[in-house]
C-alpha cells in the first residue's frame, strides 16, 4: 500500500466527511483482506444481511466521530 | 449520491439532533446497500428482531454523540 | 413523532442523567420499530436473554457518555 | 427505583472509579430486567460464557471512560 | 477485592499504557467471573476463536482510549 | 514482550496514523493469543468472513480515534 489514500482528515462539508468515514471503514477491511477477488465474493453475503449492514453503519459512525472532531464539526 | 443530504450538524434542539443521528445511521446502511428493493426486503427481518433493534439503537447513540458535541450539547 | 420528548440533555443529578440515557436508548429502538404491539411481543425474548441485556446496557453506557459530558459530569 | 444509587461520578481513586463503572454496567441491565429471580437464573449462563464475559467487560470499559473523564483521570 | 491493583492511570510510555489497557480489560472480566478455575476452563475456547479475539482487542482499544487521554497521549 | 513496539503515538501523516491503528488492533489480539501457529491457523477463517472483517475494521476505527486525537488530527 505505497500510494497515498489519506492525505488529510479535513473536508469541505459534513457530507464529504461522512463519505471519508466510509472510505476509512472500507480501508479497515482491506488492510485485513487485500485480495479483491475474496472481497468481491463476500460482498453479496453482507450487503444483503441486516446484521452486517448495521455493523458496517456502526464502523462508519465511529470513523465519522473522528473526522467530525478533526473538522471542528464544520461549525464555522 | 450527488444530492446534498447533510449540509450541517447543527440543529435547533436535542430532539432534532437525535433525529439527525437516525438519518446518519440509515445513510451508513445505504452507502453499503443502495438498492431500495433489497433494503425493503430486509426491513421486516431486523425490525422484528430484538438484537438488530438494539444494534440499530447503538449506531444511533454513537452518531448522537457526534451531533451533540457539534451542538455543544445545546447548553446555551 | 410530533411531541417533544427531549427538550434538554441537562439533568439535576447523575442518576437522572442515567435514566435519561435509558430513555434515549429506548427511543433509538422505537424510531426503527414504532409498533407497540411488536415491541411488546419482542420484550420477553430480550429481557430474558443475557446477550441482549448486556447489549442494551452498552447502548445505555454510550448514551450516558453523551449526557454526562453535556452536564460537565455534574462536577459543580 | 426511588432510591439514590448514583449521587456522584467522583471517586477517590481510579480503582474506585472502575468499581463504579461496574455498578453502572449492572444497573444498565437491571433497568431492562428488574426481576432478581430472572437475573439470578441468567447469571450462570453468561458468567461461564466467554463471549458474554468479553461483552460485559466492554460495557465496563465504556462506563469507565465516562467516570475517568469526570474525575479528570485522577491526575492531581 | 481488597487489594490495590489500579493506583494510577499514568504510565511512562504508550506501550506501558497499552499493557495497562489489557489489565483493565481482564479485570472487567474477573469482576463478573472471579473463579480462576472457570476462567482457566474458558481460556482455550476464546483464545482460539477469531471472533472472541477480535472482541477482546476491541475492549483493549476502548480502555486504551481512556489511558491515552489520561496521559495526554504521552505528547511531552 | 520485552521489545519496544510502541514508542510513540505521533505519526507524520493521517495515513501513517491509520496504519499504526492497525498495528494496535493486531497487538490487542496477540496479547491474548501469542502463539503464531494458532494465529496463522485462524487467519483464513476470519479473513474470509464478512462479520469478522467488519469487526476488525471497527477495532481499527476505535484505535484510529485515539491516534488521531494524539496527533491533534494532523491539523497543522
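We just call them A, B, C, D, E and F in the order they show up, numbering each chain from 1.
FYI, a contact is a pair of C-beta atoms (placed from the backbone, for glycine too) under 8 Å apart; a residue touches a chain by one contact, two chains touch by 3 or more.
Computed from a prediction, not measured in an experiment: that's the story for all the values here.
Two copies of one sequence, chain D and chain E, touch each other mainly through non-matching residues, since under half of the numbers at the interface are common to both. Each chain gets a centre from the mean of its Cα atoms; the one farthest from the centre of chain F is C.
Fitting chain E to chain F on Cα positions gives a rotation angle of 60°, stated in steps of 5. In this assembly, the chain whose C-alpha centre lies farthest from chain E is B. Rounded to whole angstrom units, the spacing between the C-alpha centres of chain D and chain F is 27.
Averaged C-alpha coordinates put the centre of chain A at 16 Å from the centre of chain F. Inter-chain centre distance (chain B to chain E, centres taken as mean C-alpha positions): 31 Å.
Residue positions of chain E touching 2 or more other chains, listed in rising order: 46, 49, 51, 55-56, 58, 62, 65, 69. Taken together, the touching pairs link the chains into one ring where each has two partners. Those residues of chain B lying in contact with chain A across their complex are 1, 4-10, 24-29, 31-33, 38, 42, 45-46, 49, 51-52, 55-56, 58-59, 62-63, 65-66, 69-70. Partner chain E is touched in their complex by these residues of chain D: 13-15, 18-19, 22, 46-51, 53-58, 60-62, 64-65, 68-69, 73-75.
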